[in-house]
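These are the structures, in structure tokens.
The same chain A turns up in both complexes below, where it pairs with chain B and then with chain C.
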Partner chain A sequence: MSVAVAKPGEVKHNYLNAGDTVLSWLLTTDHKRIAVLYLVSVTLFFAVGGLLALLIRLELLTPQGDLMTSENYNRVFTMHGVVMIFLFLIPAIPAVLGNFLVPLMVGARDLAFPRLNLASWYVYMAGGLIATWAMVNGGVDTGWTFYPPYSSSYSTSQVTLTIIGAFLIGFSSIFTGINFIVTIHKMRAPGLTWFRLPLFIWAHYATSVIIVLGTPVVAITLLLVAVERVFRLGIFDPALGGDPILFQHLFWFYSHPAVYIMILPAMGVISEVVACFSRKRVFGYHFVAFSSVAIAVIGFLVWGHHMFTTGQSVYAGMVFSLLSFLVAVPSAVKVFNWTATMYKGHIEFRAPMLYVMGFLGLFVIGGLTGLFLASLATDIHLQDTYFVVAHFHYIMVGGTIFGYLAGLHFWWPKMTGRMYPEGIAKLAALIIFAGFNLTFLPQFVLGYLGMPRRYHWYPEEWQMLHVMSSAGAALLGIGYILPIFYLLWSLRNGAIAGPNPWGATGLEWKTDSPPITHNFEETPIVTEEPYAYENHHHQEEVASGTGASAAEG
Partner chain B sequence: MKGVALLPDTASTFAQQVDLLFWFLTAVTVFFTLLIAALVLYFAYRYRRGSTASRAGAKETDLRLEIGWSMIPLTIGLIVFVWAAKLYADAYGPPPDNALEIFVIGKQWMWHLQHPNGIRENNELHIPAGRPVKLTMISQDVIHSFFVPAFRIKRDVLPGKYNTVWFTPTKPGKYHLFCAEYCGTQHSRMIGWVYVMEPAEYEKWLASGGEARPGALASGAGTMAGVPTASLVQAGEQLYKQLRCNACHGAADGQRGPSHYGLFGKKVKLRDGTVVVADEAYIRESILRPLAKVVDGYEPIMPSYEGLLDEERTLQLVAYIKSLKKPLQTAEVKP
Partner chain C sequence: MTNGHDTHSHIVPVKVYLLVYVTLLVLLVATVGAAYLPGHHTLLNNVIALTIAVVKAVLVMLYFMHVRYSTRLTWLWASAGFFWLVIMFILTLGDYFTRHWVPVLGWE
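Here is the complex of A and B:
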């Protein structure tokens, strides 16, 4: 099925077999090995966050809080949020796929600062372990948003420890961001101009800028909460002379852009995959590239849309609302361009492409429901209800996780040298799609009905919708477990992939799978536009069973 | 499972207006979702690898298309923005003059509501249909949020600062009251009911001092038994005397302090030259932290009452000062 370069049995040198002691992994500065370290870690944390989610859904099967106490319920949803956002969604694509691919895609031997890269993983693990330790030693019950004065003066849980954990994790993403920015500026292969860069790189560039500018703000803000908590210094608690709304401004100044830290890299993946499996250049390349930058810039000016009901002035509310409608435009532009990329393409239904199609549908719903929340009057009703919960899960699960899975399958052959099993991968994608919608569509209705978020008990008349949502979560759980098994299985049993099983463009496909430690035998020279699929039409139709013998115009 | 609700009650004028916008947005969402889904599926089928459909004239970019599909969402966005902003400015803006004023105190984990005539309720609110209701709200501890889905109204209840919101209930009935901002362990139990009553029934309820309660909850909720129902203003007046505020504040501006007659709603010039409107928040702050805003022409000699007054008694003082409407024309009233 594929033009395998290496014959079975013949072992080539690559980054994976470059050393097999534990130390060779723990002290590696190879971006590809660090990506694998991150892959293992984020997968573990994703499993933890997923189990917590199942506990939440199990509790909400009945209107009474009967499975656990309210104390514990509050801890469970808080830790679900903290783990999923700080330990999974933010690092997932940049630290795993980005780490692996940025140097390969720009034709470099490694990131600019390989040791900083390794440090990033250690700092991440330290933060993750501290947060985990806080979790098992009492837990946290403030919600992932840590609003004072509850967090600083009232909660009796492990707030300070968790904040220290989150603070450290923030630094790990700053390290990654700095590395990407410098690498993309300084280490591009000869001929690889800015507008020849894959859109994956543009997306990671925009993400890195947000990370470097935004993360310090939230890190300091969280630290101030800890200071107020420990030293009773009045910063946010009015009883001590502080201002609780100030916290919300500072927190969302980072945390709104942080939602783009989570979604932009996924958008980068979508661009790569849709082009490859449509065998076409991404439609409107420049518009897709600049929309990432526009999102990064405007995204810094809309934080107040999380505070429409707090009592900020009506005029401030209007400015934030208007800017939120503006930031939706570049997102819409991207969706239209991806859709147009499929037009007159040669579309191949591989698992990554199924995830892309799922992403398009779900991201549209997530983005459009964002408009309900950006719109001032409807937000009064919907803010802090399940409508918001559904909105951000459509984007973060339907968008980011679909993008992540698309990317993981797409580059799995590059990372491991093996193909994943196609049939079961497609099945998993369909299960995830169905389970996801069953879980979160009812939550829009619940939110419109008025179901507040973070509720342990709820009125009986809403049970039906909650049961649907919990059933969906179970299905979703099955969908997520499948890839863990078949991907591990493929490590030994998958078909040998060869350098370029998809016939894709891009420098990462020009080297072996898995790549050698220094990525390229010799520095590649770039002579063509990105996604020049028209130049590669027939020669590389390797992975496809049918081949593209269609009539060309 | 008890019943299945799919649509919320619509029980205020604001709710009707918000729903219109909500359904417009829903229509937009359904339309674009179906459009993208249809295009993706159609392209995927028609241009699947190996299909014979013509690929002639495939483009890489098209400026007119890009402009078009930027302008369409932008236009829809601007329309929705203006539409929604108007409604928002209304709900969070000043209420009509005939509004019924209710004071709300949130604390972990209950709602405490005070009517102007002194009736107090816990986790229950009785109001007449057809008359605007203004809520002035404050928290004694952490942030809460007052949320009545049937009215589509929500407003955060902050410690240290009054927030207000108003609405006009339209349909008699019994509606959920929730705390929407996470506030700790019993957040999901910080709930209650709003009873919208026919005006005549409401009058009866008032006259009975809040006893005629249709379907009130048995325990922990309802009107506080045994509480003297002096009106808020009366209670405030008593407190004012008791704390000897009138040692410095008289019927006319005096040497020791400015008069409170006609203060509410007036523009006050401060020492630093700025001008503020004397609303509830200003009056509250002047009592609790007099140094924060010092009135022009006076020495900062007023003692702080922070710590001496809980939110409830502060509210009574605020209500009393608000009631001192017109400046008295007669000569100074000596304390």
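Here is the complex of A and C:
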């Protein structure tokens, strides 16, 4: 592969070289720089969560709990969940890709409230550091769900501190959500009507709705657990006159929609990538756009499916079961429309497209196994087994991480001005896909056979499935490490990307890579619908010698 | 961000703020007073306390949070918060009120 290196004279003014002191980064209000701050932070927390996952899989290699005590095992899986969910999966796509792209895609100079955006990163870091401090000072052992009365009355671990951390991180989400909603309403470029918006924006709008309406509920709920724990005020503990089921209602009112906070932005990424590398407009644009809103709304009506076996009334269980089936409809609309977009398209199997293909397969498996769990009768058998663990990893890892990696590769040239190396990127995508399936497919079988989650002792006959799963986790680890190295390598050595290496439509591709601090030299005017790939010819769009095709050489 | 017609800078007279503040204090006294009503009217007390709380919340939203002078879009978002609260209440109570409809062995 030929590597084009920028000549000194060619260095243009952009957001990356706008200031090189540490303070210029820490006090920046540029949405692109804040996205980079988030990128570094979520990657670090992902590494922490990943190492904890490897510890779990190492422990489960043998049927005996021989690597760590049961108490420590409880701490390790709890902290894996807390770090991955609150510090990686929820902020990953909105705070990194969303922060970077929402203003660019709507043709604005920045988000509506740039200082609020910076505050969001500081609040996130404060929450993250408090949670980390709790981890190294005794850890937390309640499971990421913090169910009382164990969390409020019995656990001797650092529950209160972790809850304060999660509470703060919630506020960072809310700040980002408010910023996106106002920006999308108020700062669209001339001519950029709602139905000319990229589907990435629709997805982030729907995500922001969930964040703003749901996060306050979990924040106050977790705070109530801390209040009960510290002041012995009876809210959730029956011994103090409280009600533990009430906690579960309030907790899942947010925490189920939180899954859509993770997956909807990934779906936004998929829409962009699938259209670009099929060189077609997205099939059924309006349906895909409204399905995001539908998922945001219906996603709030299904939380009781986490409580079928925990004391909720049978009648409520039936209602929640029905509503849970309903949310599969807009999800399926998206999957069918993406597939129809690819139909008769000129498909290019670039690395982001490989992640999209992976996403489609894994999301379908994750979604369909969700229907098993939404059915009252089968859930009684499967509740709290590895079937559930496998199901939500298919959605959250197979969905969110594949979407995140697709997006990170797709917009890496825009963010850094450099191409990533295509060959090794494709290899990494394949390793991650293989590693992921090897890790989590056996867990469906384990769960069906009755292996409960959160246990580290198990009957010997299940060892082979656990060994497969652990081997897959090691492979997955290698797959995740590869992009860290080659993406860092590409910062200096990658081919110069040019403004639009993929010949993609969308305003973000109409400015330099990396963009200037204020994004556009002149406010762009939008005159056509999104994804008008039929009106554009790839070779015309890609400036000679600067496009991906030329760079790959 | 700041299209001329979107920048809505309604100036609220200090008198209005003071009036709302005094009303909130009066309602606070009313809440405490209602708790000392003779007899044990738990239900009545709850109804009175919650009604007063709602009135106070609405006053804060309308005046202190400027919703009264804001665009319809702001009204929509402010209402959405309450609508979602209603969803949470209805579905949660949907569980509590139906516990005895279908008895489950061992749950009683």
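Assume the second predicted complex is superposed on the first by the 528 of 553 C-alpha atoms of A that agree within 3 Å, B and C clash if a C-alpha of one lies under 4 Å from a C-alpha of the other, contacts with A are read in each partner's own complex, and residues count from 1 in each chain.
The rule is simple: a residue touches a chain if its C-beta (ideal position, glycine included) is under 8 Å from a C-beta of that chain, and two chains touch if they have at least 3 such contacts.
None of these values were measured; they are calculated from a predicted model.
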- Item | Which superposed partner A:V40 touches (first chain B, second chain C, both, neither) | neither
- Query: Of chain B and chain C, which one touches more of chain A's residues?
  - Reply: B
- Query: First (chain B), second (chain C), both or neither: which does A:E348 touch?
  - Reply: first
- Partner chain in contact with A:L491 - chain B first, chain C second, else both or neither: neither
- Task: Could you look at A:V335 and tell me whether it touches chain B, chain C, both or neither (first, second, both, neither)?
- Result: first
- Considering only touches as defined above, state whether A:G311 meets chain B (first), chain C (second), both or neither. both
- Task: Could you say whether A:I525 touches chain B, chain C, both of them, or neither, answering first, second, both or neither?
- Result: neither
- chain B versus chain C as contact partner of A:A112, first or second or both or neither: second
- Item | On chain A, positions contacted by chain B and by chain C | 245, 311, 314
- Item | List of chain A residues in touch with chain B within their complex | 65, 70-71, 74, 141-143, 147, 149-150, 153-155, 237-239, 244-245, 278-281, 283-287, 308-311, 314, 317-318, 321-322, 325-326, 328-329, 332-333, 335-337, 339-340, 342-349, 357, 360-361, 364-365, 368-369, 371-372, 374-381, 383-385, 445, 448-450, 452-465, 467, 544, 546-553
- Note on the structure: Interface with chain A, chain B side, in the complex: residues 1-8, 17-18, 21-22, 25, 28-29, 32-33, 36-37, 39-41, 43-44, 47-62, 65-66, 69-70, 73-74, 77-78, 80-81, 83-89, 91-93, 108, 141-143, 145, 147, 149-150, 152-156, 158-161, 163, 176, 178-189
- Query: chain A touches which residues of chain C in the complex?
  - Reply: 1, 3, 6, 73, 77, 80-81, 84, 87-88, 91-92, 94-96, 98-99, 101-102, 104, 107
- Item | Residues of chain A that touch chain C when the two form their complex | 108, 112, 181, 185-187, 209, 213-214, 217, 245-246, 249-250, 253, 300-301, 303-304, 307, 311-316, 319-320
